[in-house]
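Next come two complexes, and both contain chain A; in the first it sits with chain B, in the second with chain C.
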Partner chain A sequence: MKKRDFSQLRSMWSEFRRIKFGMVGLALLGMFVVVVLIEPLIVPFPDAATRWRDMTYWVDNPRNAKPAWVNWFTSKDYAPSARIQSDNIVSGEFGAGKLYQAELPYKYSWDKAPSDVTLRMNVTGNARYEAEFIRPDGLSVTYQKTSQGAGTRDLRISVAQNLQPQLYQFAGKYEDPRVMQSTSASTINPLAVLFSQAEKGALLSGSKPLDGTYTVRVKVVAADATSSLNEAELIVAGGVQGVLGTDNMKRDLWSGLIAGTKWALIIGLLTSFIAVVVGVIYGVTSGYYGGFVDSLMNRIYEIFSSVPLLPILIVMSAVFKPSIWIMIAMMCIFFWVGPVRTVRSIALQIKEASYIEAARGLGASNRRILMRHMIPQLVPYAFASMALSVPGAIVYEASISLIGLGDATRVTWGQILQAAFSSGAVLQGIWWWVVPPGVAIALMGMTFAFIGFAMDTILNPKLKTR
Partner chain B sequence: MYAKYVGKRILYAVIMYAVIIFIFSALFNTVAETVMRTQIQETMRAYRQGLSADRRLSGEQVSAMAAARQEELYDQYRLNEPVVTRILSRTFDTLFFRFGDSTIVRSSAGESDVWTIISEAIPRTLLIFLTAIAIDIVLGVALGLYKARKAGSVMDRATDIGTMVVFGLPAWWVGMMAIMVFAFIWPVFPSSGMHSAPPPTSSLGYFLDLLWHLTLPVLTLVVLGFWGRAYLTRNVVLTTLQEDFIMSARARGLTERKILFGHTLRSAAPPIVTMTLLALLGSVAGSILFEGIFSWPGMGNLYWVAVGLNDIPVLMGNLAVTTMLYMAGLVILDLIYGFLDPRIKVSGKA
Partner chain C sequence: MSEPILVAENLTKWFPVKRNLTQVMKGNRTWVRAVDRISFTINKGEIFGLVGESGCGKTTTGKLIMKLLEITDGTLEMKGENATHLRGAALEKYRREVQMIFQDPYSSMNPRFTVRDVLMEPLEIHKVGKDAKEREVWVREILDEVKLSPPDEFLVRHPHMLSGGQRQRAATARTLMLSPSIIVADEPVSMIDLSTRAEILHMMRQLQREMGLTYVYITHDLSTARYFTDRLAVMYLGKIIEMGVAGSVIDRTLHPYTKALIAAVCEPVSGKVNRIKDVPIKGEIPAATNIPPGCRFHPRCLYAVEECWQEEEPTLDDIGGGHLVACRRWAEIERLGAAARTSEASLGTRKSSFAPSA
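Coming up: the complex of A and B.
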């Protein structure tokens, strides 16, 4: 295309720059693009997009943890998630094998205990291990076990799962015998006991939190020369975690939300681009040729436009179980009707213009007239139409996902909302799972609505004021 | 003249509907027949068991009778005929509301006939959406007129922003939020369903209970919907206000009120009505997920149930009925337009 073909776009841009909300929309779009580009840098779990449904990837996270910033608004602070790596593992001779020792300090200064504390040890071969949880007041509980096996593997000691009997006994020393009778090791919250003052009421989470540095002392006796302790790490699964908390599958929602941004942009832009290009060419062709071609094309258009969109997409998805790309194709099949009617009426006007007649007189082919003289005129309208159909495409994908028919191998906002809705997050009040994906959809919709409405205002200057 | 127009429009819509149903039948032929074969197999298993229980029959007799019965069933469901005949016959069945039997979903009386199941749901869906539409139009047109009169003002621009903000908002998500706020955090409305369990016995109590359950979903739809209506009304009215006859009315010294309601609204009405109804029709079809969020037992909820249980016959029947209602809406729209616009009433052309 030659330079002059863009003159219309250039004049449109100079007008666009003066519309405030249009520029806001453009800035938001820029922000979304930047977010997609720097995705690995801003999320704590960069593999979220590919391992969203892989339970092992999320194992160390807390379940249903609130966002970290909730602490700013509550009088009782939740312990946030943390990871403490041991910097030095001391090893020494011990009979035929070796004795490994490590200390992991954890500074605790919150009001509500974390939901779990897990000691992860990476060992090779046979090992007998002992973990001593030493509290700031000097008291401690100990856990011992022997693990036999070949090869290198992770061993996990979870306070919530493994230390219940020890902590029940520990708190029992300060508790009324009657309270002991009415409770059992499996009904108490071991974390609350570990992080509370050793006094009466600790068993029922009735005593004050005990602040200070907790130390986990790890001793591993490796039975023979081939066995060893390679790594020790303390994983605190907090009551709050990250920017947006976690869901009931322990997944980090911020990572999921950012991973979904890319798909929202792909779905929205690809669908609207293909649909509008097809629609514009269809409308121009229909308007330009007229007569039999026009009425035939009109009939086909009417068939497509009188089918209710979401129901047919739902039934097609239920029957054909589409991947995300097929779903985009399915949406394109019905989205192209959007601009047809307007484009056709514009084309009917343009085709009467004298320069079209002149072009025809000079022997230009129909194809050339359509492509070189008519379609370029429609580019501004096409852009506005594209921008305005992006939100629709995103919402349709989210809707199909919500009903459970989406592409389950991708992380889209709709998929996150589907998981939230089907596991009852709405009625359990897990707002940090329901609100952000919807806000993201709304924000993305708003972005393109701002851009589209701004272009619409330029194309219809009569509508600005009276 | 208008009667001729009406007749033509309806006939045309019926032909279109038949074409669309034919396309659906062809598109979903394979899956529909798979379901039928499974249903026949079920019947055959029961039939064979019945025969084997009869000690007077030998093994050969049993298999011969079973084969005959299977053939009979295949004939009955037209599975022995060529593909084209099968698709055509299914098209006709669908056109006459013979959707067959559901696989799992049952009507409230326990019947498995798909049409019975769907026809139960239709009035419930109409109730919720017609209520919402009525409120929506009144609010939207009122705000739109106001915006047009004060075009360019702060209020006008602020509500424009409102329109854009709700533009890409999925109704079902707003429904979720409404449930979370008004049924969980501050429980003033029920979170789901159409009636309390058990429903009140007195008819007034029953009605009030229904109204109470209706409030939250209708409120959500209206709050989302009327912005778009206002924006549209504003634009149509504003375009009309710039016409010459309005200027001449002004020159004659008519009051602004008279110009707005007597002249402008009269000529702006047809596009406002059609575009409003068209947008609403789109939102009705688009809001079918909305019913699922509120467990409102209408046609939208039926999609959820049928998808959840993978009940293909119900899904297809529901699609056919939804399409029919949607097209009926389009026809009504055209008829109203024709009625309001005298040019169409007289010439009989759309």
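Coming up: the complex of A and C.
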């Protein structure tokens, strides 16, 4: 029996291979599965799934950066994000403490300045530090500060936030005095000043970009023997970043989208599988037995199908901690009604066929008739129904996320979309925040629809084009 | 020869009619009397025919024999054992003895099954044979028996890849899988091309001889019934009204209903085929919920007299030679018929004598 079932599957596969769109669907599903499996290898932020809402994890990213490939289509290129690690920190005696020196070169050859350049220094103890931003034309801007404290910590010097006065002063050396009067340190774009030719108009960001190698020279004076500079890094938050850019919380959308694939598959497959299996068995049983059993099962079905899911979910979320598993369970409890009506009517039709009577005449048990004769005929419908409810479940999860009842510990496509809508991404033209999760949901739906229709063609011999 | 294998005594099947609420409150119950106290004996090795119009209860009788329906009243005896109500192991044993060929070969096999699946099913249900291999040997043997060869070619086919005749052969093969003693054939050839009908019937008869089968052949087609059956029972509105050796029932018809049935048979003979026949019957078959009092055929009978509806329903009486009829006026009608034939014959002679001179 087992062996025969196996051979049946094999022959099914050989037929499946011949259906083109079925193979496309399978390829897409395979792609999704592979993406889930190799997730840590293809995303720049492997912890995106667990630290999606952790602001400190994304702090060095640009805000609302476009995808990197946007540069291919624009005449003025945006500077992409980059990180320059100092591989050589030179230390020397300096009185009671030590002097640490490092140089961080950054090669700039774009038209639009990055949105921020941040110098990150990992220090221990008390330190007085100095960062000198040397431009390719030899001019430089210096920032000095003393940091006191115990233990090891990151110090950050952001050009956008910390160097505004210095760069305003710097521009004052060559800029038109009238322009200087009409502006102030807090209204200029310091990055535009830093990456422009030293000529009039730089403050109004009208001047040409200054290409070449920028060097950041770091000097840290450690006050005592216990203090030290451990690391220095230059983080360029570009105007474009990664495969899909970033959102307004500086999160890398590519990492989020990939992390969401896993949850989309889990939510979609688990919910639709459980719901359809329960629904099909319920519908067939109801249709096959008929009479009192049918009436009773129909009443139960009507209760479940008329209870609105959303209020129940709101109450459940208030009672329980919003968790994705509870959400899946709740969706299963209410989604199984989907296929029942159709399955029941198909079952009513099948049970009148004389081969059912023939099977009964042979002495087949009800169980055998249901399992061998009726349910296999519903497999195509079940697959179609599953394919249809996979995107449904994903969208439902998104809507639950939308009203703030989602599982805040997971990244799902729905949550990404919800964040995009709630922050007005569409109105701001941040298409790279809205389109990819939407396309991903559509692609996932298409995958299952293709597979479902291909299965339909195989399992329903009458549809076969021979 | 005449060793009874299946004995039905006052076999009855009433179906309740669905009622609305007021009818339930009033306590009205109406029944469809599909099979109304019929008795017959089927002998071992014979082909017993059940004929009648649609809705006369012949298929219901077949299903009662098959135990697909619960018997309302009366008894059924199989090989001397009571088989009226069976449960569990006894029912399973009974099912192995009695099998059925269904009318529609297009729907009697699961379209998803291959011929192999169809034929394996009875063996799997009754756990015959050690494993699939042993079962398949038996399946091949039976396929050969019903002339579906080469088996390899047919085993992997789905029903929709078979012709009507091949399907009915496969359906017959399925009934043979469990080596039953009785096969109920419910209009096995009515949906098959005329050209293959004789072939199928011939195969069935051959199988009967080889395997010592007993057939219950249910049909509305008197010509195949005459060709195929040994004994014949004619049913009308849930009742057997005439029964006897097939030749005798057809050639020496006694009941007016049977006469009407025979008169309605089309004869593809030139001169007769285009003639609208004057069938000796009137009206439509009444509803089985409201069976006429007295003889149930009287509203349609051309020979009905007052006693036919005033008196009790006539019983099925043996009038000799194993020929049974349920009509109190059969002898009178016979005489009338003979007289009519004579007058018609004389009329015919007169006509022919007129012809040449005109």
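By definition in this document, the second predicted complex is superposed on the first by the 376 of 466 C-alpha atoms of A that agree within 3 Å, B and C clash if a C-alpha of one lies under 4 Å from a C-alpha of the other, contacts with A are read in each partner's own complex, and residues count from 1 in each chain.
Note that a residue touches a chain if its C-beta (ideal position, glycine included) is under 8 Å from a C-beta of that chain, and two chains touch if they have at least 3 such contacts.
All figures in this text were calculated on a predicted structure; none of them were measured in a lab.
On the A-aligned overlay, A:Ala318 touches which partner chain: chain B = first, chain C = second, or both, or neither?
Only chain B is touched by A:Ala318; chain C is not.
Quick check for you: in the superposed arrangement, does A:Gly404 touch first (chain B), second (chain C), both or neither?
Only chain B; A:Gly404 stays clear of chain C.
Based on the superposed arrangement, let me know which partner A:Glu302 touches: chain B (first), chain C (second), both, or neither?
Touch status of A:Glu302: first partner only.
Touch check for A:Gly201: first (chain B), second (chain C), both, or neither?
It touches nothing on chain B or chain C.
Taking the superposition as given, does A:Gly363 touch the first partner, chain B, the second, chain C, both, or neither?
second
With the two complexes superposed on chain A, say which partner A:Phe21 touches: chain B (first), chain C (second), both, or neither.
Once the two structures are laid over each other on A, A:Phe21 reaches chain B alone.
More residues of chain A in touch with chain C or with chain B?
B
Just chain B (first), just chain C (second), both, or neither: which does A:His373 touch?
second
For chain A, give the residues common to its interface with chain B and its interface with chain C.
Looking at chain A, the two contact sets intersect at 462.
Can you list the chain A residues touching chain B in their complex?
21, 302-303, 306-312, 314-316, 318-319, 390-392, 394-395, 398-399, 402-405, 417, 421, 426-429, 431, 434-435, 438, 441-442, 444-446, 448-450, 453, 460, 462-466
Considering the complex alone, what residue numbers of chain C touch chain A?
66-68, 91-92, 95-96, 99-100, 102-104, 107-112, 121-122, 125-126, 132, 158, 160, 171, 174, 178
Inside the complex, what are the residues of chain B that reach chain A?
Going through chain B, the ones touching chain A are 16, 19-20, 23, 27-28, 31, 148, 151-152, 160-161, 163-165, 167-170, 172-174, 176-177, 179-180, 183-185, 191, 235, 238-239, 241-242, 282, 285-286, 288-289, 292-293, 303-304, 306-308, 310, 312, 315-316, 318-319, 322-323, 326-327, 330.
Which residues of chain A touch chain C in their complex?
1, 3-4, 353-355, 357-365, 368, 372-373, 376-377, 459, 461-462
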